[in-house]
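The two complexes that follow have subunit A in common; it is paired with subunit B in the first and with subunit C in the second.
So, the complex of A and B:
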């Protein structure tokens, strides 16, 4: 199991390098000249511009620029912002707590609300409860999070005045953004749970459990839910990615200084090195979440757990065989 | 002596979008303490539905429309939900047909067996575990394997676990739904021997659902032949095997391969079982019956006692004019 985790963490590295190469390449071939952005008005002097280009390494080839960026990246240096007088790492460190608060809040909300909704809908299949829940889920899934954010803001901040309209000063500022970013994942979790439970409910082992005389509550919690949640776990994992993406728009609407706002303003001011850093951090978060998802699979499904253990064993045997051949 | 279980005029129907499926159509059955009753019939005859009806586990789309199932003189169908839970797995338990799907894939074998013990017996966790190891040992699963998961066991081993769950609380009545159909022929005999031994040890009654007349001959005291949701012939093992009366039962025996008779081909019963959504009028078997008479197409025959305890549902035996072959 530990072998499996280590192997998976090592496998994250090529994924990150891939993501960085793509973003770096797009930036490299874009028309913007970082030295001009950094110099601002002083860029009109060709001598100064040339000096700055040299200082930033812009006169070197694509590969050597990419190489030095990757080299710095592995040493924890994401470069300096063209616009702000700060390093990219500092900018991200300032902004990321707000974004994580929102995304993780939205994810927790989607689990706490979405799964029970789906379960109730499935257990009361084809009743009013089911129709209302499923209808709500389909409707909400179709509405983008930024629209929900605006509606929530108008109703609860402007009209009722229960929550602040913007900013990130207290926990109250996060209530509406979390709901807005969480609605999508809630509906997805609800629908996935519903269909998964409906499938499990018809399985023979549920009938075996009922034939033991145990209560319906116990049948649901121990036999139905344990099995039905396996596919839902994937969705929860990828849900964090959705929440991150959703939070970019939601942050802008609620004016929360987070990664979303940073990415947006950096794109606007052509501060591409900051964009690159943000993409890298998001990629790290998403890949780590995927790893956690895979590990969670192993916890709930003994068959997959067994495969993890066997998988690493097999690989080492194969490696040994190879070594012998060589 | 009164019977342990007596089913009277049981009717079970499934309501689907395409119409009603008449799965069980007014059957009568009785079984005494320690007896084994064989319930024999083709696939789709309503055998499993009958057994599920006894435990009130007919799936949601199904409905028990009429009849009574009295267990120790109490009607199971009129019991409160709580009382039926006390009976399931404890007084009456069931061995399910397909061992590959009958066990929960995410729970260990030990947890699945202990669950039923802890539910019905006042005991500590340690005692429940000891009992679990004992019962799994009886079905031939070694103590060091009990904490494994179902996917780590073969089909035959899983069937043993299913049997252990059914026997864990020493039930008075065991409903064995084709306990050996999904198994290898070599394992079949072993499992049947094991069920019979355990049954003898605990004095359990059993309803053995099967389509294998060989198994019936070896383990049953009485036999009910089921066709299209009805019991067409019921009697002691000797009645059914030596004094076979219903044309369908005769057909079943004729279609069985035999070692002592030289035949070129087996003699299958012509035709197929009727669609339970559109059962024929009159006797359900008449479209396939070689002795069909005028009356068979219009009137459903009543059960007639051809000799003591041997009931046959066939016009050949009710009508005096029916010339027996």
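So, the complex of A and C:
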């Protein structure tokens, strides 16, 4: 098991470096000149512009710029904002708590609501419950998260006045944004759970369990859920990415100072290094989440556990045999 | 029906006939589902509407008329007017053209590049495969929407640039899928046969591998188009993507959202663009689902 964990952790390092290189390269070849943006009106003076380009290291080659960006990044330095008098790391550190609160909240919501919905729909396949749940999932999947946010805000904040319209002052401000960002992943989890449960429900071992006279609740919890949830777990990890992207758009509707607002204002002021930093931080969060998912996968799925237990003597053989039985 | 099958068997080598009957069979199963028929009809009407937008649209989509701002739907303007007094219905028709063109270009780029990468990786399955697939893993590590934001910021606005920004995220998904199906096909006997005939790798990939993996990808493109429409709207919402005054569903909706606090009197500038986006996405998604069901061999009777 430790071998599996170590292997997974080592594998994400090249992925992260690769992601940094890709994002850096995309921005490097963009048409905007960072020195011009930083100088603003003063950029009309060629001498000043050249001096600023030199100070920012823009006159160096692509590889040396990439190298210094990577080097700085490993020290937690994402460069200096072109517009604000702050480093990108500071800007992100100020904003990221709100975004994480929202996206993790949305992810938890998607698990707590999505999986039971999918389970109920599958257990009562082809009944009204199933049709309503599936219909809801299909409909909600087609509505952009920011549009859901607008509707929620108009109904519950403006019309009923139950929640604040904007800001991030109390937990109440986060209720609607979390729902808006979570609806997409909820529907994905529900659909995935439904199809996965439907697959498992027809397996021989479920019939055997019923034949043995095990109570229906126990069949559901021990035999169906345990096997059906394995593919769903993968989706939870990718769900965080969806939640992050969703909360970035939803933040702007509810005026919550998070990464989304930062990305938006940076786009408007052409502060591209900040955009680059934000995208990278999100990629790191998502990659780490995927790692956690993979590890959880290893814990849950005995087949993977067994594969990595090979070669450590008697115990592994037993684990293999156990995996085959399951 | 029996006759057709016999004919097919007798004509054996003629791949064309076989392929047509395969699609005909899928089509036959598809139109049995009422949901799919509704989606096809809606998309056909929409397509006609946006292709002939110049003829159908009652007003010029860019003509401003400040004396008739924010009119709610009435006999003259069936969907009302926006903040510049432009006819909303005309703008939505023309905007649909932009949105769909961007979505189709995005899916075409994504599928084209993804298929080539996937087929090459699956066919050669060596160092090239390793390098390209690790690269795809890296791209997949960045959430699609954020990657689109990044590329869109770098390339700037415009139809092709927006399409490219959205396509980048779909390339790895298609490449992965195509790679796995190529791995299956590579070991088939007809590949060995063409190798014996001296066919080059390029010829085998283009004439044997890609045509045999095409069907599921084409079907999925329906889902990808739906996803792209959503992504375009998201980019427009952030102020990226296709810029006004060129109408596009996302930027029309975004423009409407500026009047969110006056929703009681100006509801139409949010409701109609939102409706077009949601219904069209719904149609593409449900059509994609029905197509997938129709292609699923387990659903065959």
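Simple rule for what comes next: the second predicted complex is superposed on the first by the 308 of 326 C-alpha atoms of A that agree within 3 Å, B and C clash if a C-alpha of one lies under 4 Å from a C-alpha of the other, contacts with A are read in each partner's own complex, and residues count from 1 in each chain.
In this text, a residue touches a chain if its C-beta (ideal position, glycine included) is under 8 Å from a C-beta of that chain, and two chains touch if they have at least 3 such contacts.
Predicted, not measured: the structure shown is a model, and the values here were computed from it.
Superposition of the two complexes onto subunit A shows subunit B and subunit C fitting side by side, with no clash.
Judged by the touch definition given at the top, the superposed model places A:29 against subunit C, while subunit B stays out of reach.
Once chain A of one complex is fitted onto chain A of the other, the partner contacts of A:228 are absent, as it touches neither subunit B nor subunit C. In the superposition on chain A, contact of A:279 is made with subunit C only, not with subunit B.
Legend: residue contacts after superposition of the two complexes on their common chain; A:300 is shown touching subunit B, with no touch to subunit C.
In the superposed pair of complexes, A:248 makes contact with subunit C only, with no contact to subunit B. Counting the residues of subunit A that each partner touches, subunit B and subunit C differ, and the larger count belongs to C. When the two complexes are overlaid on their common chain A, residue A:213 makes contact with subunit B while staying clear of subunit C. By the touch criterion defined above, A:268 reaches subunit C but does not reach subunit B.
Legend: residue contacts after superposition of the two complexes on their common chain; A:14 is shown touching subunit C, with no touch to subunit B. Superposition on chain A places subunit B within reach of subunit C only down to 10 Å, the least C-alpha distance between them. No residue of subunit A contacts both subunit B in one complex and subunit C in the other. Contacts from subunit B toward subunit A in the complex involve residues 55, 57, 59, 84-90, 93-94, 96, 98, 101-108, 115-116, 119-120, 149, 151-152, 162, 165.
Considering their complex, residues 14-16, 18-19, 22-23, 26-27, 29-31, 138-139, 141-144, 146-147, 150, 153-154, 158, 241-242, 244-245, 248-249, 252-253, 263-264, 267-268, 272, 275-276, 278-279, 282-283, 286-287, 290 of subunit A touch subunit C. Subunit A makes touch with subunit B in their complex at residues 202-205, 207-215, 222-223, 226-227, 230, 300-303, 306. Interface residues of subunit C, counted against subunit A in their complex, comprise 134-135, 137-139, 141-147, 149-151, 153-156, 226, 230, 233-234, 237-240, 253, 257, 260-261, 263, 270, 274, 277-279, 281-282, 285-286, 289.
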